[in-house]
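Please read the structure below before turning to the comments.
Letters A, B and C mark the chains in the order given here, with residues in each chain numbered from 1 onward.
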């Protein structure tokens, strides 16, 4: 079976500057793949490239079909949901409105109420805050909101951009636990980019290491986690 | 469709867009600007001996507009404060000249600097409360100023002659120079324009210019760096008003007539059009802008008698499509393309 | 007291018009940071359209319905065809394009319909309405009613429909909106369409009072601008309330402050507004703009 998402010779540029070089990676159907890298390595750009938010060259396939060059709005309709860097909260809308927006591009509108209930089960704190403005949530709550908003699309692929950034370890653990549950229960495939390598490696089944826009290592997470240079540079032991 | 992010990013890295609100901080003129300016001055000195009286008058008007536009550009282009009311300062300048000459018999030569100083003070004072007003609110306040000026002028009809206005006689050339009144006014305006441009250029390329641009682009950081934003903003207002007031005084001399309804809101809007068409925050922009606001309405009239302003509107829109950064922004880009192409350093 | 009440009601009637036009300004401003200077002229043009439809024998409300439809489509088309090419240009550049539209509409209206002032019918009965000893103009009350209905419909649309929600989202955060699949460009176009529709209604409501001519909206636009500023350019509801306030202040000032008369009414209203703004620079109901370092 072909992978759900596959990038071949992927390049991306901002203006004249090329920031991704000849990237190759894939996400298996039902799998969790992580791309690790330091600040500025190109993780966010990789996710933006997948959703058509930057100019790219090379091939991106989703479910076997070419998707490079497609508009972001159309990719959402194929089932690619993105919890972006900075969380992308609609700060002036209520939590519930934020979530309703997540379902905007859904084909089946009928079961949105049910899905909202299920989402609230995953993220009880959002239920408490559903009438509050998005901008009034804490960082961790906004991260949950971003993931919840992505999930209500019923995506096939979930793109997560550093969900651990700036959050307390306990909150991070909670969020990762939920991502794992969602992956198990709903079969959503996940592409996670992270600096927090130890958490990401524990969650993912496959890992890539990104340095200045190039993949410098890849393999099953357990293998990558054992590599000496990775341990020294990213895991700190 | 491309996302907004990728587009803005691309433009920014190409150096075209620093901020969406205004053109990039370009204070020192480019080589082409200097060369073009010199050629223009040389040509400008020959013009009066080639053109008929009315044509010449139109170019005198171009210089006068250019002064006003430079003034507005200091405020809006360099300092980022949008004024929809500079017609008011133009009017104050014009009436200062007219009243001094007609009512008090002051020699006309004095009226221009006095108009400048008066507008400097009025502008500075107006700039003080305006400090509290951001963006649109400032636009509204200045708009109100523009609206009220014709009414105020009519109100004090003892001085201003009310709706009738004041008729002046055109000054003759001094020192027995063999020039017609048209030619003399032309050279006078050109001279004032050159002096004010040199002053403006000196002001803008130095510390003051950098401070103004810094306040426009990043007011909080500018304050943190020790720039007294309040002072600079009021000063920008004052200087800008002074330039426009000088232009107004010159226009009163050139037209030899002032009337309240000339200085209406549309004049202010015309000035705004002029600086955007010419190019914000550029030294040469006011010249291009002045040429546009002086001549394009006439051409529009030639094209269609029935709906000249529709033609003018189409010109405006097409101009903005082709040159979103104004004429000077367009030339700057063309110049860069040219040098890059000849140097062969275009990055892959 | 009777005069006071009458002035307040007629102030509310014109205020509703200012508020409606202010609302159209705010709808576009929130989405694009641009003040559409052509808003008034678009409304004027729509009103002329209604006028010629009625001259061709259509009934008032049929002409009304057709006009708002055409205005909506027209506003949408203007955004798609004329504003879109300068979408990423500096804001003042976009403002100049709207000024271009202003002079085009004004000039073309003068060309087609001439600058001769025309009467415009009111759909409301002409018999004055008495409440106790106070007499109200029926058109005033009707215009207030139409304005309120329109505002309630708009509120419901933005508040309760998913399209309305998407439009709000697109105005606030275009990047995130794309990520949930909202076609931001079309939301902007819809915003222009709705703004034009609201403007058309305002034009048709004010035309019986100030008569029809190509420059009829320039004064109204200034009041609308003042209303939006007073209420806060970031707050649609505030803009509408600002409109009512400006309408009432204008009328009362004209009636009770003798030196103002009709000539200085506009100036005095604006000066009052500026004084208010000096005390509260973000408008009465607006949010202060948070600046990033």
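Basically, a contact is a pair of C-beta atoms (placed from the backbone, for glycine too) under 8 Å apart; a residue touches a chain by one contact, two chains touch by 3 or more.
Everything quoted here is computed from the prediction, not taken from an experiment.
Relative to chain C, the chain whose mean Cα position lies farthest away is A. Of all chain pairs in this entry, the one linked by the most C-beta contacts is B-C.
Work out the mean CA point of chain B and of chain C, and you get 31 Å between them. Separating the CA-averaged centres of chain A and chain B is a span of 51 Å. Computed from the mean C-alpha positions, the centre of chain A lies at a distance of 43 Å from the centre of chain C. Counting partner chains per residue, chain C has residues 175, 178, 183 touching two or more of them.
Among the residues of chain B, those touching two or more other chains are numbered 1, 3, 5, 11. Residue positions of chain A touching 2 or more other chains: 53, 72-73.
Contacts from chain B toward chain C in the complex involve residues 1, 3-5, 7-8, 11, 17, 19-23, 76, 82, 129, 132-137, 139-141, 143-144, 147-148, 151, 218-221, 269, 272-273, 276-277, 280, 306-310, 312-317, 320-321, 324-325.
Note for the complex: chain C touches chain B at residues 35, 82, 85-86, 88-97, 99-104, 106-108, 110-111, 174-175, 178, 183-185, 222, 225-226, 229, 233, 263-264, 266-267, 270-271, 273-274, 277-278, 281, 283, 289, 291, 293.
Considering their complex, residues 162, 165-166, 168-169, 172-173, 175-183 of chain C touch chain A.
Here chain A touches chain C in the complex through residues 51, 53, 72-73, 76-77, 81-82, 84, 88-93, 97, 100-102, 104-105, 149, 153, going by the rule given at the top.
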